[in-house]
């Protein structure tokens, strides 16, 4: 069922990125970021919860939000590769967040007109959150890009590392394409203009250049992930797996 | 049952240290060590297998070696704290290995006279392996301790980090004490002399000093582990947990 | 001496002391030490709970735990700000923590070994913290008192949330119930130690009482905590790991067994299982973040220069 | 030219060329490149399998996988040693790998996504490697030929072990069976690509044939591999993911579908999913180990000095 699959793709994007961000907890470079990072993680996980719940109902097999979030195997996760990339340093974490939010903000804005009521509801809240993520992460990209020599080097390193995963954001899986045709979800490719504009503005101030990407990386929507995802899942699923059927 | 518990303590020590060492695989500082480290891991895991199998039979509930190794929860593992410590850098890894092997070598030597046939069998093989581990790790401790300024600093850092976990090696849990009284296992405290002699010799050549330890750390035999062990187990147990009852 | 008497008179009249008011050096020092320790406790306290964020058993629990740990960071922030009004910077206090010169609550030197620990910390550790902190909402030093009002509200939310986690486990499968009992066994005594040594052995106490920084003695607060908590454990069907615990009709409270003070002092002096790891983790976060903070300063300076040039 | 003729005569007479023998520069260069690539493939090949060591599903499998990855390191060691006889150091070759100047087998740029991948790599990837390597045991260059004899023995052990893992899964639960089929789906085509481009598109080939570095063409070896492997898949009840695969009675072998060469070239040129991560991991291991290697050198020098002083 196309809508179920497409909703899971979105849910997985938000959960996995939220999980990655949550790994920073207690280890941020300053106390203010020990507050800001969980904030962003909470936004993402909150959105994921509504989407998994929606997916569970679309599926109609009695599975719960947690069953979908925590009891699938690696090949069944449908998140894009960008969100599963390891945190790396603070520059990579902030850039990854900017890349993602600069896509999701116009996406959710467009989704305000979805024919699916739940999607509209998610969009209303998420569009504001993503605008905040763009602002917060964007400011850091600028500060680090135009900060010290070291921070500029690391920021450019982050671009080299992550830019190749951004193309996948604009690609629609067959399931997503079906939802787009029905007006359930916005057309992913349509976000390109807004994304380019935001990234262009931030990069301009950050003195960064968008690199040429000879080999964009994709595969997440088909469940072909990088090798880090399995390790993330082993942790994330541990209790659910170790105590099958328990309530928490 | 005391013997079951005491055998599990030994098995857990070997498995967890073997697992830690195996984490180096493909990431060692030189190709020769990419061969030597798996060698040591294989020795440890090989010993663990025989011990788990022994424990499973002592228990007599139809559990297998893998059930015991992979399907207990964190609080049920009985390994000492030393072996679960994160790998840290190569200096820490080699020092941890030396500390452990310098205890196990005389232990297995004494266990050659055990009243338990399986223990005698394990001891015969393990005593040689531990002698090799002492040699290999000891040589690295010497090289790094008396190498460059950086390596000496790291090696001394490793001593500061790990020495406080060595006291636990010489302590017998009630289960172990019962086995010692019956002649099943050697008395742990009796290894002190040999251990001190080996460590003293190596440290002498490595220009290292044994620090005073105001607060020796113990707790592993009661299942009070550090926070890293849970993460190790989440990975190690993942497949067994995700596919209950499957054969591999 | 006349100044001291006037100061004490203000205190006795329950007036709030504000940062710009004249105050005895001892009063200032006591507060800096206490508020700093309190702030550090919030920050270090993020680590044992943070240890379970990536393994939280459901999305709801994961979100709640994230929010809780975030709140603790927030408390740290208010408290550092309150201490800063007394003329020490957050940076200085942080460096003292990393150098092992400043203390933080010893409870965070115990490891979190199961999910039940997360519930139990909320229930017992936040519960004990609230007992300590409610009187601080009336502390004579204004900024500290105001910070505590905010902190206490959030803490009691955490306490209820923690209790609810433990209740879910206590009413869950046998394995979950065992997990809950095990956590209670491990955290009970350290929680009692959070109130500090017996009154007879407590330094700093009398003067702090006189200055109304402290309003109840360690033993009074500990008794309140026990009296409040034991019935909660009973309600869950869990047993408090103290054979000598029993109701004393006469004092209308529980008598409890002897606390192992050697354990208390060992952990205070750095010998707890996690002391070394906690400080290492905090220091690593700080050191690994140095380039970020430096870049932020450098960027702010560049921006200021540009702005000036443009004016 | 006279020298070249004499050299070719030796080759034609199946004489082994040894490191100190005179040899054409092209022969030397070809061998350095090929042996180096081969060594790098063993080393990089430790990573995708290493990814599952900490998650191996049983102690027996964990030990076998460790031993296998260790063997690969050993192969790397013999092969670097064989290349070193031609005058390039292991260090130089390693730096070329890290700088992206030296290649390694593209197959290792695919991720290992499930435990079945570990079996499938043994079965297909080691299987394909053996097809390539058996003829190399008769390579005209002595040290390479001798290294390959040792390597081949171990590889065929790995291949059987891999097949046995896949068999266990194929005969296991439905989920395990699906895992095995999924792994075959993902690794089949990349394994066929391991033999290199079609003969018509293959550089270096003719000269290597003449020099007896190579003894069969890419397409010949690929055909052998397919003919050997398809019945193995059938025996397991797994389907080879090629709709055009069918038995051709006439040629006494299988016809297969068209290989996606654009995919092949993309990965060779650095665009595979794991190319960047593989080199980063290797480089990180090397860079993080620099202080260890340096200390070992420093210590050896100190020891030598002391020994001299003592004599």
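We just call them A, B, C and D in the order they show up, numbering each chain from 1.
Following the convention adopted for this analysis, a residue touches a chain if its C-beta (ideal position, glycine included) is under 8 Å from a C-beta of that chain, and two chains touch if they have at least 3 such contacts.
Everything numeric in this text was worked out from a predicted model, so none of it was measured.
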item: Any chain in contact with chain A as well as chain D; value: B
item: Interchain centroid distance [CA atoms averaged], chain A/chain B, Å; value: 41
item: Whole-Å gap between the CA centroids of chain B and chain C; value: 36
item: Intercentroid distance (Cα basis), chain D paired with chain C, Å; value: 57
item: Set of chain D residues in contact with two or more other chains; value: 55, 175
item: Residue list for chain B, restricted to those that touch at least two other chains; value: 73, 234-235, 238
item: Arrangement of touching chains [line / ring / star / complete / other]; value: other
item: Chain-to-chain touches, reported pairwise for every pair that qualifies; value: A-B, A-C, A-D, B-C, B-D
item: Chain C - residues contacting chain A, complex; value: 43, 46-47, 50, 53-63, 66-67, 69-70, 73-74, 76-77, 80, 90, 115, 165, 168-169, 172-173, 175-176, 281, 284-286, 288-296, 298-300, 302
item: Chain A-facing residues of chain D, complex; value: 48, 51, 55, 111-114, 175, 182, 186, 266, 269-271, 273-274, 276-277
item: Chain B residues touching chain C - in the complex, by the definition given at the top; value: 73-75, 81, 161, 164, 214-215, 217, 219, 223-227, 230, 234
item: For the chain A and chain C complex, residues of the former touching the latter; value: 15, 19, 22-23, 25-35, 38-39, 41-42, 45-46, 48-49, 52, 65-66, 69-70, 89-90, 142-144, 146-148, 150-151, 154, 232, 235-236, 238-240, 243, 245-248
item: Residue ranges of chain A touching chain B (in the complex, touch as defined); value: 73, 231, 233-235, 237-238, 241-242, 244
